[in-house]
Amino acid sequence: MNAILFVEQTLNGLQFGVTLFLMAAGLTLVFGIMNMVNLAHGAMYMVGAYLAVAATQWTGSYLAGVLLALVGTLLVGVVTEVVALRTLYERDHLDQVLATFGLILFFNELVAIIWGRAALFSDLPQALSGHIELVTNLRYPVYRLMIIIVGLLVALLLWYVVTRTRLGMLIRAGASNRTMVSALGINIRLLYTIVFGFGAALAGLAGVMAGPIYAVQPGMGELILIQVFVVIVIGGIGSIRGALAGAIIVGMVDTMGRAFLKPALGALISPTAAEAAGPALASMLIYLLMAVVLALRPEGLFPARGH
Amino acid sequence: MTEPLLDIQGLVKAFGALRATDGVALDVLPGETHAIIGPNGAGKTTLIAQLAGDLRPDAGRIRFAGEDITPLGAAARSHKGLARSFQITSVYREFSALDNVALAVQAHAGHSFRFWRAAQSEEVLHGPARAILDEVGLGSRAQVLAANLAHGEQRQLEIAMVLATRPRLLLLDEPVAGMGADESQRMVQFLGTLKGRQTIVLVEHDMDAVFTLADRISVLVYGRVIATGTPEEIRTNREVRAAYLGEELED
Amino acid sequence: MRARLVLLIVGIAFLALAPLVATAFDQLFYIDLLRRVMIFAIAALSLNLILGYGGMVSFGHAAYLGIGGYAVAILAHHGIHNGFLQLGVAVGASALVALVIGAISIRTSGIYFIMITLAFTQMLYFLGISLDAYGGDDGLRLAARSDLGGLVDLGNSTAFYYLVFAVMIAFLYLIHRIVNSRFGMVIRASNSNEARTRAIGFSPYPYRLAAFVIAGAMCGVAGYLFVNHTAYLTPDFMHWTRSGEIMFMVILGGIGTSVGPILGAFVLLLLEDLLSGMTGFVGQHWQLFIGLFLVLVVLFAKRGLAGLLPGAQRND
Amino acid sequence: MVRNPVRLFSAALLATSLVAAPAFGADTVKIGFITTLSGPAGIIGKDMRQSVELALEHLGGKMGGIPVEVIFGDDQFKPDVGKQVADEMLKKHKVDFVSGIIWSNVMLAVAPTVTAAGTMMIGTNAGPHQLAGEMCSERFFTTSWQNDSTPEAMGQHLQDLGLNDVYLIAPNYAAGKDMLTGFKRKFKGRIAAEVYTKLGQQDYQAELSQLRAKNPKAVFVFLPGGMGIQFLKQYSQAGLRGQYPLYSVYTVDELSLPAVRHAALGQFETRYWSPDLDNAANKKYVGDYKKKYGKLPSFYGAQSYDGMMLIDSAVRAVKGNLKDQKGMIAAMRKANYASTRGKYSYNVNHFPIQNYYLLKAVAGPGGAGDVPVMQIQKAVFKAHKDSYYTKCKMKW
């Protein structure tokens, strides 16, 4: 196997992984702290992508567009939490699944009403559209490198917030012992709203960055949502560390599976059989991984303690 | 000396650096009511959980009726004759009192892979269940949903469920917790009627109840048994007074 | 309680007479529409056994709809049209797959259970897509409907309707018996208070697994009927949104209530049909209204639609 | 707003009072048009619907002097829903024709249902090989194409260019495999690799890395809808646009071009139709569409417009006697109407015998920043017959 190709695929896996992480971080916290299954998390991703396109067009500046989109997604998240989701925290998972699925349909149609069903045009700023030669023969798109860097920076920032700040202390306490936090006299509703809003903004950031490379269209959130669920379940719900580990693992496994599974299978079984089985198996790989992880560790790799 | 019904040796359970149970040794003789007392955080809950089979100990051994039951789970221990009540009332809230007890009877009436006949029409389940409800004084409340019973009645119901499994040993985790004075007294009275007929391990904060009911008392402090003896011996034990009763008196 | 019984009888009578009325008014479409709704009601009923009574939130129940469908379509593809044999294979295969999925999944709980059942169904979905021999994503056309040896002619719209109707009523009764039997009491008790259930001496696992297998097999029957209804099979039968739909029917109707799933299936599918057939803004954006409807039901009808029926305050 | 409650009532009245319809000269021509109107794919359905409405406008709302009513149905991209909507069209609305259908799997569920009920089905997009071959029916016509013909044209084109080492990419599902099979039927050169991606996949960077490592001479892809938009953007961002010429089918069209823009420039597609096809019918259709809806139509729309015109030709031929199905079939077989693709004829299996062109995405009239447009380069096939008609047992 070609070493350069392998490095390049590793970068690809990493890039996919950090995108998943941005989505997973908010979702796992909302799960862990509010004990809330939020299927509508993908909708925030979509809202982020749409707002970035709209705001970039409106301001004419990519950076301003991105910032406005992040603020906008945060606001949409907060409003959604206050209007609809807040009352669901005490309900069981079933009600949450039903209501947030309703929200998916609602947001998808709302976006279709405002911007139409056609995919929107969303492009890279000039400065980010080139490639750089990392080492000889390894040219990599600047924009994808930027995604990796932004993703890792956000991970670092989250690590700092969660382990080094008072908010982080409350978040960790909330994930492991909900009653204790409320016993401390913390305004728990406000904490929830803050966590939800930032979770939405992180999903929005993922959407903003995905816009220029993926299709910005209604329903784009659901395509990635299921994979994000796989990530947080593998990582262990409520754990940021688990979300990061899960995201990188899923990103790598999926990418490597698509790239190398067929040739690898071809060496084991006949090439024609590999031709048929390879792509099918590559599609199933992350679900297979999840089933294996849960069969061995029913609470994921890094369970948040105290549930 | 008779063979102990329950025999615990060197039981250890640690959560991280905290050794909640730190080499507990204890024996319970057939027919006796053995109380376990100790200040908050002494490790009583962890000990009960290990006895009931909800927690696996890190080290040590639990023998019941001469048999090592350490690796068994809660359900299997129930079939060996070990029955527990919970500190926080644990009944099936959406079932009637009678169905609650009938379920306990059913658990010890062979397998339950019977899909057709309505369990509520099975006299083999409901007959014994009704008798036990009468025994604990809930006979007139049999058809009431457990959720609609008063707190004291729910605790009585739980005792009824425990009895319905025809246990050889009762593990009672704070049976009078949260009860009013009247209810509490009635419960103590009822437990008194079981004395001698049943072997009981009683974990309790209410010292009146403990000294009324117990034949022997073990005192748990920081995960260790610091003393075991008759109520009189414990009352006069200086170490116990210092470590435990002293604090209690200050409260 | 009496009001609910009256409603149930009225509902059954309505469904029993519907084909006669539809035929009299030459509106045969309604026979097909109601038949499809009832097939989904059967799937929802089976899910309710584990979800409503057993507390097992399976987000992959469409798997058995697919397996039941594939059993019929694959056998038919190879020229085997015997409906009884097909039914046997559909039920057997569904039960077997449920046994495997359940054996692994039931070890987990809560959200993990939701996700692992979803993961297994996703695997089956992608497997279906890559089954080239059986049409892959394009699916398979049923060359002929299941041949039930002159007992019921599935080609006859009305006869097929009554078969589905009979199966639905039978399953309603069957589940009623199961949940009130010793087995059902254990399932419900384990859902209500697992620690207590272990403490009185039950190991919930084998009972839960058995319930999971029964529900899978029953949904396999729904798949058998569904593929005969559409005369066409695609892996889409197993798509995760389909699992979601079945789940929503159960929740919408009211979980753990006997007729709730049927109610949920009727309301959701008929509402979809009604809204999507409208003209103008509503028709073009009907999913917006379905979405709002789901949110509002959760927020304001806490026990599902069955909770709005008279006599629902009783805590059954 | 409920769908025709009055009609339901009047239908009931009709049925009960036994008022029979006149033997000929029906009072309306009813067409049930089924397509995907909800979800992401609703964009295709919308284009089809608008084209149908435009066709009705051009026909003055009448076919052969009889008022036309079109009832639209949403299949939600699901075969079983499609079948239910078809049943609704047939049994509730009692339509005279069913038309539309985007997806092959929906078509395979719907078409036999419609034809078995004795009603005529005019497909306006999906052309699965089964319907062109062993499942062909005299009541089924299509105004589009057989699925394989378009990739066959591209295979032929690359064969003509004498290329070797072509890299093939398609999603891992039936249509994806059919497309590559169709391509290889005409392309006999060396194939660098044949890659199947996940259906609905968003990110192609891993595949693009593999592609570059193989260093092919050209790339052929079939990635419809959102997959195509994503692939083209990423292909261009990876800097492969100038490096490896990209050929595709059903990947770039007037619906996706506004979202892809410059990332599609230089892209080659094959197709039987293009907005710049030079004939009077097409000029009128494209011009009026643009005037009415403010953008260019796609081939989905053109086919749907043709579908209405084909039905009109049949209704006129039998002078409004919709009971004369034989007469209508005979009329349709002549394809005697002004199609947007120009003159064509029907094969024995009721699939068109038509030209296929090589198209290229070039800068739009507004220059580099504008939405690109497809431009015909040359005809690859003239009067091309599909590869399955010999399996169709129909004789006429």
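Lettered A, B, C and D in written order, each chain numbered from 1.
The definition used in the following text is that a residue touches a chain if its C-beta (ideal position, glycine included) is under 8 Å from a C-beta of that chain, and two chains touch if they have at least 3 such contacts.
Everything numeric here is computed off the predicted structure, so don't read it as measured data.
Traced through touching neighbours, the fewest hops from subunit A to subunit D number 1.
Central chain by Cα centroid: C, whose mean Cα position is closest to the mean of all protein Cα atoms. Taking each chain's centre as the mean of its C-alpha atoms, the one that lies farthest from the centre of subunit D is B. Subunit B and subunit D have Cα centroids separated by 74 Å. Averaged C-alpha coordinates give centres for subunit A and subunit B that are 48 Å from one another. The geometric centre of subunit C is 35 Å away from that of subunit D, both derived from CA atoms. Centroids of subunit A and subunit C (each the mean of its C-alpha atoms) stand 32 Å apart.
Residue numbers of subunit A whose C-beta contacts span two or more other chains: 108, 112, 279-280, 283.
Those residues of subunit B in touch with two or more other chains do not exist in this structure. Those residues of subunit C in touch with two or more other chains are numbered 126, 129-130, 132, 287.
By the document's touch criterion, interfaces exist between A-C, A-D, B-C, C-D.
Against subunit A, the residues of subunit C that register as touching in their complex are 51, 57, 59, 104-105, 107-112, 114-116, 118-120, 122-123, 126-127, 129-130, 132, 240, 244, 247-248, 251-252, 255, 285, 287-288, 290-295, 297-299, 302. Looking at the complex, you find that subunit A touches subunit D at residues 2, 4-5, 8-9, 12-13, 15-16, 108, 112, 116-124, 129-131, 139, 141, 143-144, 210, 212-220, 223-224, 255, 258-259, 275, 278-280, 282-283. Of all residues in subunit D, only 1-3, 8, 11-12, 15-16, 37-39, 73-74, 76, 78-80, 83-84, 87-88, 90-92, 104-105, 108-109, 112-113, 128, 130, 135, 172-175, 177, 198-199 touch subunit C in the complex they form. Those residues of subunit D that touch subunit A in the complex are listed here as 39-40, 42-43, 46, 172, 194, 196-200, 202-203, 205-207, 209-210, 213, 226, 229-230, 233-234, 237-239, 255-256, 258-263. Only residues 52-54, 73-76, 78-79, 83-84, 86, 90-95, 99, 102-104, 106-108, 112-120, 122, 125, 145, 147, 161-162, 164-165 of subunit B touch subunit C when the two sit together in their complex.
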